[in-house]
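The same subunit A turns up in both complexes below, where it pairs with subunit B and then with subunit C.
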Partner chain A sequence: MSASKFDTALELVTHVPGVRGAMLVSAADGVVVAEALMDEMKGSAVAALAASLASRLRRAAEGAGRGVPRFVHLTATGGTLLAAPLGDDLLLVTVAERTVNAGLARLEMFRALEILA
Partner chain B sequence: MRAVEPWVVAPMESFLAESQARLCLLMTTAGQVIAQHGFVRAVDVMGVAALGAGIVASTGELARTLKWQAFSTVVHQGPQQAHLLASFDTPRGRWVGLVVFGPDTSLGLVQLFFEQLVQDLAAAAPEAPAPQPVLAANFEHELNASLRTLFGS
Partner chain C sequence: MSDDVRALTAQLAADPASLVFLPLGEALRRRGQLDSAQKVALQGLGRYPHLPDAHDLFARILTDKADFERAFDEWDMALRLDPQHAGAHKGLGFLFFKAGRTQEALEHLEAGLAEAPDDPSLKNAVARVRAALGAAAPPPPPAPAAPAPASAEEDDAAARAAIFAGLEGAENGLLLVDTQGLRLGGGLRDPGNTDVADVVAAHLAGVSREAARSAKLLGLGQWEMVVLEAPGGNAALLPASSEALLLVVRDASVPMGRLQVAAERAARAARAWLETLT
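Then we have the complex of A and B:
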């Protein structure tokens, strides 16, 4: 997987209005693999916490007999966090404004995952 | 958790709770143990402290030789356990942290909360005491007192 492929995939997501950043995270380690952040966001902190959240949600979904989550959508008071796994190893994480068109962001995230697959 | 310096306890307990690390050792760059969590035997912690301080010193020399900036963090990852070794500045001088963690947490989380630990230690550190001679007359007594504090024996 080339670095330019990462850039192309992340660009698809960050072009959505209201998206403040997107990153590829190592699912097991919670470490940033590639990132495209719009402002002073601390990518390493978001990566670590998002990977931890995704891992716990995965365990919860599997424990409930619902299989592996394909998409995570978290709405907070100050914004939105979206995450989607790429295989077992990577996680595509998007941080956006609360007003973002989540459907469009989700669509672009799946297109980005297709590029990276 | 046991600490020679009582003000270290709260930041380290918070770090351990957040990061879910298995073992944690704080020491000076000379290998003098400040606090430890998870080690059972004194001989283990003394050996690990000496090795950790040695790794920090040798990677520092490697960076200097290659004219690189000094490494602040070294991570070794294994299939079941990993450890993070990081040096950082405190109001009491340069310290080293050694954290051993397993698959119930992640490198990202350990790094994130270790950064917080460093900030919390800086905030919690009391005024530095007056400098004392390195080899004070009661050195052996102080060493034994530190060991008793760290291992309760």
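Then we have the complex of A and C:
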């Protein structure tokens, strides 16, 4: 997969107002594959935590017989974390302000996944 | 040096404050490079002394080095920081079993399994320790002559559903669990109509802690809700109180906005019910 493809996909997401960064993460070990983050963000921490959370949610959803989640949205008092899997191995992760238009960010994440697929 | 270790090492060098020390330390441990793994783990612990996963990693390395006493202390510390840490329960279960303290081993392994019900190594360990206990123990008392009457089960189900009386999904699709992963009320069935409430409840405690940890460490504040979309349905998880979690599951056709409204209504009902207990 070319670097420009990563860049194009991540830019789709980071152009959404309120998005602080987007990254592609290895789902198995939470390692960063590609990132487009604001300077002060710790990409490796975001990657590790998002992958761990997604893994937990996946097990819970599968335990409920609902299959593998295709989109996850964590809302917190000071921000938002969004994640969507790309196949079994990768995870597209977005960190955004609390006030972000989550619906728009979600759509752009799915567009980004189409580019990356 | 293998590619993944090289990549993780480079990442850690570029960002020494990252959590990459966890997968790097584990990768080194698995390769038998225990001194290097220990160095990485100790550096990580220096930065994150309150991170249970860091203590868990160090304990696994110490176990591989046969330093069981210090491994015990590290897992004990991990459990003080996170009483439901599955890895720490698993490790302590192993150490107790090794020391011949089978009953304590079983308690830790069962606690770990409650937290990570899909972990095959924990399932096997629990089965083996139960078998070992069974062989050593006197014969169990005879089983009750008759199962509990069906009406009692029905009453129990009705009581659990009563928390959400009047709400859609009161018996299937609304689930209230405590922070230990035990069901308080409501119910949940999979698409094949199998009761999965207890299995999912066990998973939710871990999800909740992971959500809280992620939000805190990423500087996002306190978590309020996790919503997920899956092929078999959409779900929302939110804290109903400091000691209870609420899961709302709906068909995949239900819009996410409506799901969140349903979750907030159910949370109000759950809070009202929880207040009656105090």
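Methods note: the second predicted complex is superposed on the first by the 117 of 117 C-alpha atoms of A that agree within 3 Å, B and C clash if a C-alpha of one lies under 4 Å from a C-alpha of the other, contacts with A are read in each partner's own complex, and residues count from 1 in each chain.
Operating definition for what follows: a contact is a pair of C-beta atoms (placed from the backbone, for glycine too) under 8 Å apart; a residue touches a chain by one contact, two chains touch by 3 or more.
The structure presented is a predicted model; accordingly, all values stated were derived computationally and were not measured.
Partners subunit B and subunit C, brought together by superposition on subunit A, clash. In the superposition on chain A, A:57 makes contact with subunit C only, not with subunit B.
Taking subunit A as the reference, the larger set of touched residues comes from C, when subunit B and subunit C are compared. In the superposed pair of complexes, A:85 makes contact with neither subunit B nor subunit C. Applying the stated contact rule after C-alpha superposition, one finds that A:31 touches each of subunit B and subunit C. Of the two partner chains placed around the shared chain by superposition, subunit B and subunit C are both touched by A:44.
Judged by the document's definition of touching, subunit A residues 29-31, 44-45, 48-49, 52 lie at the interface with subunit B and also at the interface with subunit C.
Contact residues of subunit B toward subunit A in the complex are 77, 103, 105-109, 111-112. By the touch criterion stated above, subunit C contacts subunit A in their complex at residues 4, 7-8, 11, 15, 17-20, 22-23, 117-118, 188, 190-192, 194, 196, 199-200, 202-204, 206-207, 210-211, 213-215, 217-233, 235, 249, 256. Contact residues on subunit A toward subunit C in their complex (touch as defined above): 29-32, 42-46, 48-50, 52-53, 56-57, 59-61, 63-81, 95. Residue ranges of subunit A in contact with subunit B, taken from their complex: 25-26, 28-31, 44-45, 47-49, 51-52, 55.
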